[in-house]
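As written, the chains take the letters A, B, C and D, and residue 1 is the first residue of each chain.
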């Protein structure tokens, strides 16, 4: 069966009278990195939030692995294999990096009504969490409090948490937001290491990063996807250049 | 997050618990049996404060209606006793059942809200319980209910004598401390603490946080109910006045004075509260003035409560 | 409570002092529990003044023994009242525990005092349970049982041929006792009854109830509103224009604490209103004259009935201590002496029933202006003579 | 049905509602704009009554009492904002609860020390002590005074909030604080004024009620919880919400007290109805709040433009 991993059909979202998502169709294939680009206010984060369940769409349908998940709660989608990172860093600040990632591991294995045994002695869980930290290169800072590490490291932590959930699809909302060039390069390196292994829906502003990572691209303008194609073809698409790249490179 | 403090504060707390363990002996040697009463009352309130700390300190759920559970627990002793049922297991079972059920039903509604709305809705429910008991004339209404005999347990568990009752209370306190210590370090506790700081994130990690918070709320209610059951036995009396909203406020102070979200904070805070109440009211009938100023100063200048100050010693020691 | 110095000192001296704790009985220790804080503290202050006056009048002596008085504040809370009682009994080892304005504080505290084998004397609260099933050989009252005063009022209203009545009281146990009391003896129709919210956030605006009362067309209105609610009620009664339309009959509402404030507020509506009580400042006994004159001279105001009861409680203890020649270990002797009530009570001679509640007269009082223009109460007639409460039969003593 | 009685009760409910509004309007602004929970808002209610009562007993003039009372509560409100509240706008609600509870204790005890435990009666001029007849309806004059002044203050507040620059800032602040800050307004001054005006209105409510109930220690603590209920039911930060919610709760409470026992008697024996009615009518406001919170947590009339 050649079914896409994620398939979005005719998605619409209104806030009051404002249309944030407009007849949106999108699909992500297994093992692919699919990027969504678009100008500010195009509705990228609104889209991610609807995919991960924080926002309810006004109408439309979202299928994941052939199952209709439109009515699922955020938590249920996460358990089904959709992991999200946030554009604005959203980690548990007073906890250590390891504790943060352990929470992600714990969330995915679904056994949290355990009241007695200490997680600090749960070596299986610690190992799994450490593995994710290694993947993003944070293993040497595992015991630091999240509030005390750098912004770039917290962005990496976001990715590690998403990874630790053992997801089938990673929803990454501008993972490079607010990063310096060195940090960005580091993140690109981490993400390319994941390529081929996991399906990723990447929302990103940094065009260089997008072009080096993505297999395919969708361009979102005013809540509507105006083009979807391979990276090379999009680069040469005149509509896209006018609508989006033109502005940026003008 | 480190929950059990090491070094200075840990030493202080261990010493504190050890003192509590031998307190009845000390008081009998110096022939001051009244201090045992004061301490018993303090420890009961400490159990209640510990239970509140579980939702308030660890879970970030600020309840202004926690005293309702003290009342419910006490009436679970008083009402059966009114019909001459003195079996302690019955009292205990009833307490767990009723306070758990009440927490489940009200918590299911309260936890749909957040922040100040949560504060107000917990207040609303506790006021409803308060007025219900005021109107239950059969059980004394506003005048309250005298409990003639303590809950009856097998001899080795008897709470008849003041010392036996004290050790009952002390044991429940130790169990509560240990249970909460395990709980917050276990998977369940991690979810609760995580949800306090970032509930959205926890949901996107796959947690149906509502269920965990509700469970935590029920556990807290049951522990506080048990404290109420002990309170009923200790005072031999229960009246609706014990669950007014100002009592819930006092419980919050006990938690915050000591240090919210720390294991021993509520215990120390309660000790400070009961001591101040007794000591200041001895000095002057205007003691509320001093107490009020201390509360204000605590918030404005003394971050982290007593536990916070002790931890400051720990940090100094580490640096030194 | 000097906890720290006492703890440290005690710990050091513990071994040396062991066994030497039993003090010589060269003084009578009286623990007095009342309310000194919260707005109700104004009652406690009146009581405190009366107790101090009583001690002054007896020169701080009972027989050969000095009197040691320890006052405690219950903060209007039953559990604090109990804690203070425990403290008096266990730490101070008092001989008599006295006081208690509020039924719920008394009920919460009685077990502590009585289980420790102390005498407990209520100087105000008189819940039916303590008069009935809960009566105890070591419990005495210098006040009354809740029902009696309103029963006297009901009796008076029936005698006057009042045919219909509107009733208002706070919604708590004593309020209900008062209403039950007046209904026991009032033979006319009760056209309406309102129990209003009581407690920490008591209702003080009675506009809705007064409107109902007015609409009911009753011939009189009977209320029980102790403390500050009383003053508030009377103001609103007057503002609602019920004065002269629907005469006001009260119990425990218009007292010497409320009257000066009502006078300051210019509420003439209360003048001439009727109430029943076991005592009045103008009651003509030697002891009462000494008490009231002494109180007026010392504090420049009339004493309230709370003060009278508190004054009597000291005198009752004195009579008992003197009867046993200062031997405070003679519990039976003390009990018998108190039961005899052989002292000069400000209310005149009374006796004790089997439940140790007074069997006494109840008078009708009227609010008047005295010769110096101060508002006070004056006895009009005796309504009930040597009246015993109706719960005595339930008491097993 | 006794129509005169019903009209009287509705007016009584209106009076209670307007008093609640005077308290709740300040509370909801402080809450909505500064995000500050002020439990001690009721202390101004008490302080206003005591200052007014003192001046009335010295000068004999109610008007003088009210003027002095308003000035004093404004000043004390400003002082509380200046010395305490402004340090806490950025801390969490728990800190607000603790500090303002401490303030309640401080104010209550200070009043106890200055004026004693006994309450203070405020003497009304004879004109206000009488009754007004409207056909067969006879109403206490002073009640009508309370209703009129309450409506008057509500109207002034409405004009101030909807027509003036200060009002514009207040409205903006209630729905979006950062926007006001971005406008370059002296936010500290705005907060000080809002806090002090809120305190003054609370004090005014205390002065209005004191001639009926007399001034007493802790009188504000009894009503402040209900005022909070009003704020929540009406929607935090919403003056309009506070107005409607106050009237709803005032009417509900008064009519509940007068008619609930009759209603209950239809379905249960009289003696149970007599007991249950006061308890239930005391609970009504809390039930209302719980229902509102469960189904419409933002309140019935949330401020326009807030999320």
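Basically, a contact is a pair of C-beta atoms (placed from the backbone, for glycine too) under 8 Å apart; a residue touches a chain by one contact, two chains touch by 3 or more.
Just so we're clear, the structure is a prediction, and the values are computed from it rather than from any experiment.
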Notebook entry, point to check: Centre-to-centre on C-alpha atoms, which chain is most distant from subunit A?
Noted result: C
Checklist line | Between subunit C and subunit A, distance of the C-alpha-averaged centres to the nearest whole Å | finding: 74
Notebook entry, point to check: So what's the Cα centroid distance for subunit A and subunit B, whole Å?
Noted result: 43
Check: Whole-Å distance, subunit C centre to subunit D centre, using C-alpha means?
Finding: 36
Margin query: I'd like to verify one number: the distance from the centre of subunit A to the centre of subunit D, where each centre is the average of its C-alpha atoms, in whole angstrom.
Written below: 49
Note to self: Please output the residue numbers of subunit C that touch at least 2 other chains, ranges allowed.
What the structure shows: 37, 41, 171, 200
Checklist line | Sequence positions of subunit D contacting 2 or more other chains | finding: 112, 225, 275, 278-279, 282
Margin query: Quick check: what residues of subunit A touch more than one other chain, meaning two or more?
Written below: none
Check: In graph terms, with chains as vertices and touches as edges, which category applies: line, ring, star, complete, or other?
Finding: other
Item checked: Touching pairs - complete list by chain label -> A-B, B-C, B-D, C-D
Next item on the list: Would you mind writing out the residues of subunit D in touch with subunit C in their complex?
Entry: 2, 4-5, 8-9, 12-13, 15-16, 57, 112, 116-124, 129-131, 138, 140-143, 209, 211-214, 216-219, 221-223, 225, 254-255, 257-258, 274-275, 277-279, 281-282
Check: Okay, in this complex, where on subunit C does subunit B touch?
Finding: 1-3, 6-7, 10-11, 14-15, 17-18, 21, 36-37, 41, 73, 75, 77-79, 82-83, 86-87, 89-91, 103-104, 107-108, 110-112, 127, 129, 134, 171-174, 176, 198-200
Margin query: Please output the residues of subunit B touching subunit A within their complex, sorted ascending.
Written below: 1, 182-183, 185-191, 193-194, 197-198, 200-209, 212, 215
Checklist line | Residue numbers on subunit B that touch subunit D, as the complex places them | finding: 56, 62, 64, 109, 112-113, 115-117, 119-121, 123-125, 127-128, 131-132, 134-135, 137, 245, 249, 252-253, 256, 260, 286, 288-289, 291-296, 298-300
Check: In the complex of these two chains, what residues of subunit B are touching subunit C?
Finding: 26, 29-35, 37-38, 41, 134-135, 137, 140-144, 146, 148, 235-237, 239-242, 244, 246, 275, 278-279, 281-282, 285, 288
